[in-house]
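All chains are identified by letter, namely A, B, C and D, in their written order; residue positions are counted from 1 within each chain.
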Amino acid sequence: MKLLEHQGKQFLSSWDIPVPRGIVVKTKEKAKEAFHEFNGKAVLKIQVPVGGRGKAGGVKLVNSINDIDEFFAKWQGRDFKSFPVETFLIEEILNIKSEMYISIALNPKAGGLIFIFSREGGVDIEEVAEKTPEKVLKLNLKPTEEYKEYYFRKELRKFGLKGKILTKLSRLAEKLYLNFKKNDLMLVEINPLVIVEKGEIFAADSKIEVDDSGIFRHKQFQEFRELEYITELEKEAQDIGVTYVKLDGDIGIIASGAGLAMETIDLVNAAGYKSANFLETGGGITKELIHRSVHLVTKDKNVRAVIVSLYGGVNPLVEAAKGLVSGKQSLDRDVLIIAKALGNQQEECWKILEEAGIPILKNHRSEDIVEVLKQRLEVAS
Amino acid sequence: MKLLEHQGKQFLSSWDIPVPRGIVVKTKEKAKEAFHEFNGKAVLKIQVPVGGRGKAGGVKLVNSINDIDEFFAKWQGRDFKSFPVETFLIEEILNIKSEMYISIALNPKAGGLIFIFSREGGVDIEEVAEKTPEKVLKLNLKPTEEYKEYYFRKELRKFGLKGKILTKLSRLAEKLYLNFKKNDLMLVEINPLVIVEKGEIFAADSKIEVDDSGIFRHKQFQEFRELEYITELEKEAQDIGVTYVKLDGDIGIIASGAGLAMETIDLVNAAGYKSANFLETGGGITKELIHRSVHLVTKDKNVRAVIVSLYGGVNPLVEAAKGLVSGKQSLDRDVLIIAKALGNQQEECWKILEEAGIPILKNHRSEDIVEVLKQRLEVAS
Amino acid sequence: MSILLTNDTRAIIQGITGRIGSIQAMWMKKYGTNIVAGVTPGNGGTEVERIPVYDDVFETVEKHQANASVIFVPAPFAKDAVLEAIDAGIKLIVCVPEHIPVNDTLIMRSKAQEKGVILIGPNTPGIISPGIGKLGIMPANMFNKGRIGLLSRSGTLSYEVAGYINAAGYGQSTMIGIGGDPIRGADISVYLQQFDEDPDTDIVVLVGEIGGSVEEDAANYAKNMKKPVIAFIAGKNAPEGKKMGHAGAIIDGKQGTVESKVKALKEAGVIVADRIAEIPELINKLYENQNISEIASAKE
Amino acid sequence: MSILLTNDTRAIIQGITGRIGSIQAMWMKKYGTNIVAGVTPGNGGTEVERIPVYDDVFETVEKHQANASVIFVPAPFAKDAVLEAIDAGIKLIVCVPEHIPVNDTLIMRSKAQEKGVILIGPNTPGIISPGIGKLGIMPANMFNKGRIGLLSRSGTLSYEVAGYINAAGYGQSTMIGIGGDPIRGADISVYLQQFDEDPDTDIVVLVGEIGGSVEEDAANYAKNMKKPVIAFIAGKNAPEGKKMGHAGAIIDGKQGTVESKVKALKEAGVIVADRIAEIPELINKLYENQNISEIASAKE
C-alpha cells in the first residue's frame, strides 16, 4: 500500500521529523480559504500515489487566488497516470538552502534493506545516481543486525558532513530505519529533504510504501487501508481476497496464479485480441470467491469473453467449478466463459462444467484455450 | 521498585496472562462488601512489597464475615516486616489441580537473564530447588539473543510436559521474557502458578521488580512510582535524589558513596554506638542537596549526632560545605555534626566548615572520625 | 536421483493439524513422500493420516532424524516455525504460505543462510521429485519422472511447463517453485548449482517473469554451468512493475524488464524460449544435436 | 608499569562538551593523562581544554589512533556511546555514569566481551595509574605511585583504602573501581589476571562489600594466582541485601553475605582484613616476611 504524500507526512511528523506546515483540501474553495494562512504564497500539490507529478505541473508555487483557480482548472476532475486527482495539499514555502535525498528501501537483491543518501536531491536524483554514483551513499543493511545512529553518522561523515547538520541527518536516518522495521514498510523516501537557511531540515515530500502482508499487525495502517487510493473494482477485489488489475482490451482473465495470468495475457494478445483485465485468485479458492470473481471481471462492459485458467493444488477445483457455474448463471448479460482446469479433483470439476455447458479444456496448453477462444468468438460474430 | 501483588497482577493481566478475579480494598467495610461477589468464600491477602506473608498468616481463606473481622483485627494498622499493612486483596478461590513456579530474573553471575521453572511451586520452592535441583529448570538467557516461544517449549518438554499445558507454559514463558525486556524489569515471578481442574493456568501471586534506572523510559511505571510502597522519608530521599535507609540507632550518617557509608556504620557500631540511618549522596552534589540531606537524616528525633563523610571527585566539595553549614544552621534543634572531606577543592571546603564551627577531619581515616565522634559525645554528656 | 528432495529425505509437516496442512499431508503421503512426523504445538501425542504429531520440531529430529520440513502454519506465525526448524537442525525447509511480511522473510532468509539451511519459498508450491516425493501443494499428476530440472517463480506456470515437457515424452528430475515473493530464502544460484551437479539432470528449464532480478542473477550463474539452460520469461504484456520510489530506480538501474532479462540470459549462453510451447522443441534439439554430456563438457 | 592504563594509552573522552565531561577533561589533562581527543556528536570541529572535539569515535581512531575511552554521556545514552566505541575498535572503555538501565549494561557487557574489549564500570570512579594518568572522576591527590594493585567495588572506599596505603609509605600501581552496579562490564578475574601478570605489582588489595558474588568469583580466581591478595569486605552492619523474590534465593543459594565471602576468600588463600586500618600492617608483613617474588614463586 502506497501512502499519499500528506498521509506519509502525517507519519513522519509522528516520528518527530519536521514537515512543512500544510493543509489538505478537496475543493478550490477550501484551497482559497487555506491560502490565507500562508502569507500570500504557498505550494499547491496534487495528491496521487505515483511519481512524476512535479515534471507534469502537479506541484506549483501559487502567489494569488488566480494561481489557485488556474491550478484547479488544470487538475480538478482530471486523471494523473490513470489516478483521479481528488485531493490537494497546500503548504508553506520553505526558505531552501539545499535539497538532499534520503531513503530506506527493501533491497531484494541483497536480501536486506538499503539506506540511500545524496547531498544532491530533487527530481533528478536518478540521474545523479547514474552519472555520479560517487555522490550517492548506498549502504546495505543486514536484517539480523541492529544499526545505531552512530553507524549512519560515521558513514555520512565520509560525505563531507560535520557538526550539527551531520547529527541531524544521522538521527533522521536512524528514525527512518527504526520506523521502517517497526512498521513493516517497504520504502520510506524523503526527496527532497530540504535544508533551510537556519540549518533546520524538513521533509518537503514523502513516499511511504507499506508491506500489505504486514498490515495485520499495525492498527495505524488498517485505518489507511480504508482510505487507500484505489479504484472501486480494486476495493471489491481486496474484499474478495483476490488481485485485480485493469488493462484496456475486451477479454477478461481469471487465473489461479500471477504467472499463469501473465502467460495467458501474452497469448491472448499474441492471438490478436486484447486483455481487459486480469484477476489472480491466489490460494484458498471457494465457490463464493469464484462466483464473485466472475462478476468482478465482467463489470467492465467491454468484456465480451472470459478465460478462466485454474490449477488445483490447494485450490479445490470442485468448488471453483461450482462458483463458475453460479457466477455465469447470475450474470445480467451474456458473456462467453471458457475454462481450463487441471489438478486434484479435475474429473469432478470437468463434469460440473460440462453439465453447465461451459467449454472446458482438459490439458495444460494455454495456447489451446486461446485457440478455443478464437473459434468461439469467430462463431459468435 | 517492587510492585505490590495487585499492581503486578494488573500488568500480568495486561499481557494477557490470566489472574484470579480480585478486588483491592483498604477497609474492613469494603472487604465485606466485596466478599458478597465471591459466593461465600474467598482469599484475603495483605499487600506488602516483601515475601513470607503466607507463613505469617497474611494470606487467608475466608468463609464468612466473621473470618474477615478476624483477619482485619490481626492485620489492620499493623506492620509486616516494617511495612505498614494498608491494602488488602480479596480474590476468588481457584480450583487448584497443581501449583507450579515460573520466573524470569536478572542473573548477575552469568551477565544475563535466567528463566526458572518448577512443576512444584508454592512457598517451599527454595527447598525444592536446594534438595531436588533436578526438578528445577534453570536456563541462562544471553542478552544479545532473542529467545522464541519454541525455545521454552523445547526445554519445558524435557520436564515431562506435553500438549496443551506445554504450549500454555511456553507461551507464558515467552510473554514473561518479552515483557521483562520491554519493561526493564529485574524480576517477574509467578509463584504459585496455578493449574486449575479444567487445565487453565492462573497467576495466583505476582512479584515484579522494576529497574529504577529504566523507569525514565516507561511511562506506565512512572505512575506507580508515585504510589510506591515506601516511607515518607524514603519519598523525601527520592525527591532529593539520594538513597536513605533507616536503621535503629542514634548516629546519622551521610556519605558520598555506599561503600563509605557501610564502612562508617561498621566503625560506628564497632565503637559501641549504633547508626540511626545512612544517606548516600551519589554523584552530583549541590548545596541544596546537602542542605536537605542534613534535614532528612535528623528528622528521626533519636539522632543526636551526624557524621558526614565526603570525597570530592565529581562532587564539588565547596558546594557540599556550604550546604552543610546552611543545613546545620537551619535545624530546629541542636545536633552534633562532624565532617570528613577529601579530594578536589578540599582546602576551600575545610575553610568554610572551620569558619562555621563544624569539626572537620582532614585525613582519610574513617576510624579517626569515629574517634572524634566519641570525644565530642563524651564531652557533651 | 533428484536434488534436495531425495531418497534420504525424512520430512515433517509443521502445521499438520490445520485445515490445509492435514489435507496436504494426505496428498503428500499418498504420493509416497517419506513423511516421518508432524508438528503442531499443543497437539503432541495425536495423529494425522497415521503420522505421529509432536509438540516441537526438536523432538522429531531426536526421534525420527527428521531433516526436512514443509511449513503450513498461517503467515503470521510462519517466521517462528521456520526459525524453530532451523534451530532444530532441519536442513531443507519448504515455506508454502503466502502473505508473509517481508521483514519476517528477511530474518528467515538470513538465519537459514547463516546455518547452511536451504529455505524454499515463501509463497511457493514447494518441491517435487517425481517418483520420490513432494513437499508442497503442487498436484502430483502434473509431473512425470525424467531428466529435466525445472525452476519456476510461478507455481501454476510450472505446472503448465511441466505439461508441455511431459507431452513431449520427457519428465522432471526435480521441480522447485522458488517462491513468488520479492524476497526468497535460497538464491537461484543454489538450485542451479544443485542441478548442474546432479547426475540425473540433463537440462535445466527456468520459468521467470518480469520484475526483480532473479533471472539476471540466474544468467550470471549460468555463464559457468556445464549443463544447458532454457529460459522463458512471462509478462510481455503485463503492466510495468511499479518501481518503489526513486530508491527502486537507484537500486535496480535498468533491470527487471522482459528485455533486460532476455538480454542478460542470452549473453550468458542461455537458450530463451519466446513461448512456452517452444520449450519441448528446444529440448528435442538439445538431445538430438549431440549427447548432453558432450554439451556439458564442451562448456567446461 | 601499570595495568590497562599505561604509557601506550591514547584516550578520548565521550561527552567531553557536557558539564561534567568538560570539568573532568580538565582534571584528567592536568594530571598528565594522554587525552588525544573528545567526542560529542554535533560538536565536531570545536575544542575543550585545547582537546580537539570530533563528531564520532571512528574519526578519533583514524586520526589519533585512540585506543581508550572514558564515557561521560548521560545514562540514557551511555549504551550507544559504549557500542560506538566498541565498534570503532576502542579496547579499553571506562563507563562512569550511574543509573544506567541494567538491560543496557547487559548488552554493553556482551558486546564488549564478544570483541575482546575491557569495559570498566558502569557506575565507576574509573581507573588511575598514578604517575601515568587517570580515566575517571577520582581525585588524583588520593593516590600515590607504588606497587600495590587496588580493586574496589566502591569508589569512595577505594580513596579511603588508598589513603591508608599511602600513609604507610606504599602506593598503587593501578587502582580500578570495578563498578557499583549489579552487572559489570569486565569480570573481576580479568583485573586479577592483569595484576598477577604485571611486573610492577607486588600485592593486590581487593575492597569488596556485601551482596552479589564478585568476592566469591575473586576467591575462585585467586586460588591460582602467583601474587598475594588482601581483601576487605564492607557492610557487616548493613541491612541485609534484599533477595529478588524466590528467584534470588534459587540463583544465589547462600552466597552474598559477609560470612560467605570471607569464608570463600580465606579458603582460597586470600588474606582477609577485618578492618581497613589493618591493611597497611598486612602489607608490611608480606614485605617483611619474605621477598614478594618469593611469595609469588612459592605459590606457583
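Note that in this section contacts are C-beta pairs under 8 Å (C-beta built on N, C-alpha and C of every residue); 3 or more make two chains touch, one makes a residue touch a chain.
Remember, it's a predicted structure, so these values are computed and weren't measured experimentally.
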Joint neighbours of subunit C and subunit A, given as chain labels: none
Between B-D and A-D, the pair with more C-beta contacts: B-D
Centre-to-centre distance between subunit C and subunit B (centres being mean Cα positions), rounded to whole Å: 57
Rounded Å distance between subunit B and subunit D, as computed from the means of their C-alpha atoms: 28
Chain contact topology (line, ring, star, complete or other): ring
Every chain pair meeting the contact rule: A-C, A-D, B-C, B-D
Touching residues (chain side subunit D, partner subunit A) in the complex: 41-45, 55-59, 80, 83-84, 87-88
Contacting residues of subunit B [partner subunit D, same complex]: 50-51, 101, 103, 105-109, 111-114, 116, 125-126, 129-130, 136, 138, 142-144, 181, 184, 186-187, 189, 191, 207, 209, 211-214, 216-217, 245, 247, 255-260, 262-263, 265-267, 269-270, 275, 282-284, 309, 311-314, 342-344, 346, 363-367
Complex interface listing, subunit D residues touching subunit B: 20, 24, 27, 75-76, 98-104, 106-107, 109-111, 113-114, 125, 136-139, 141-142, 152-160, 162-164, 167, 180, 182-183, 207, 209-210, 212-213, 217, 234-239, 242, 244-253, 275-277
Subunit A residues touching subunit D - in the complex, by the definition given at the top: 148-151, 153-154, 157, 162-164, 166-167, 170
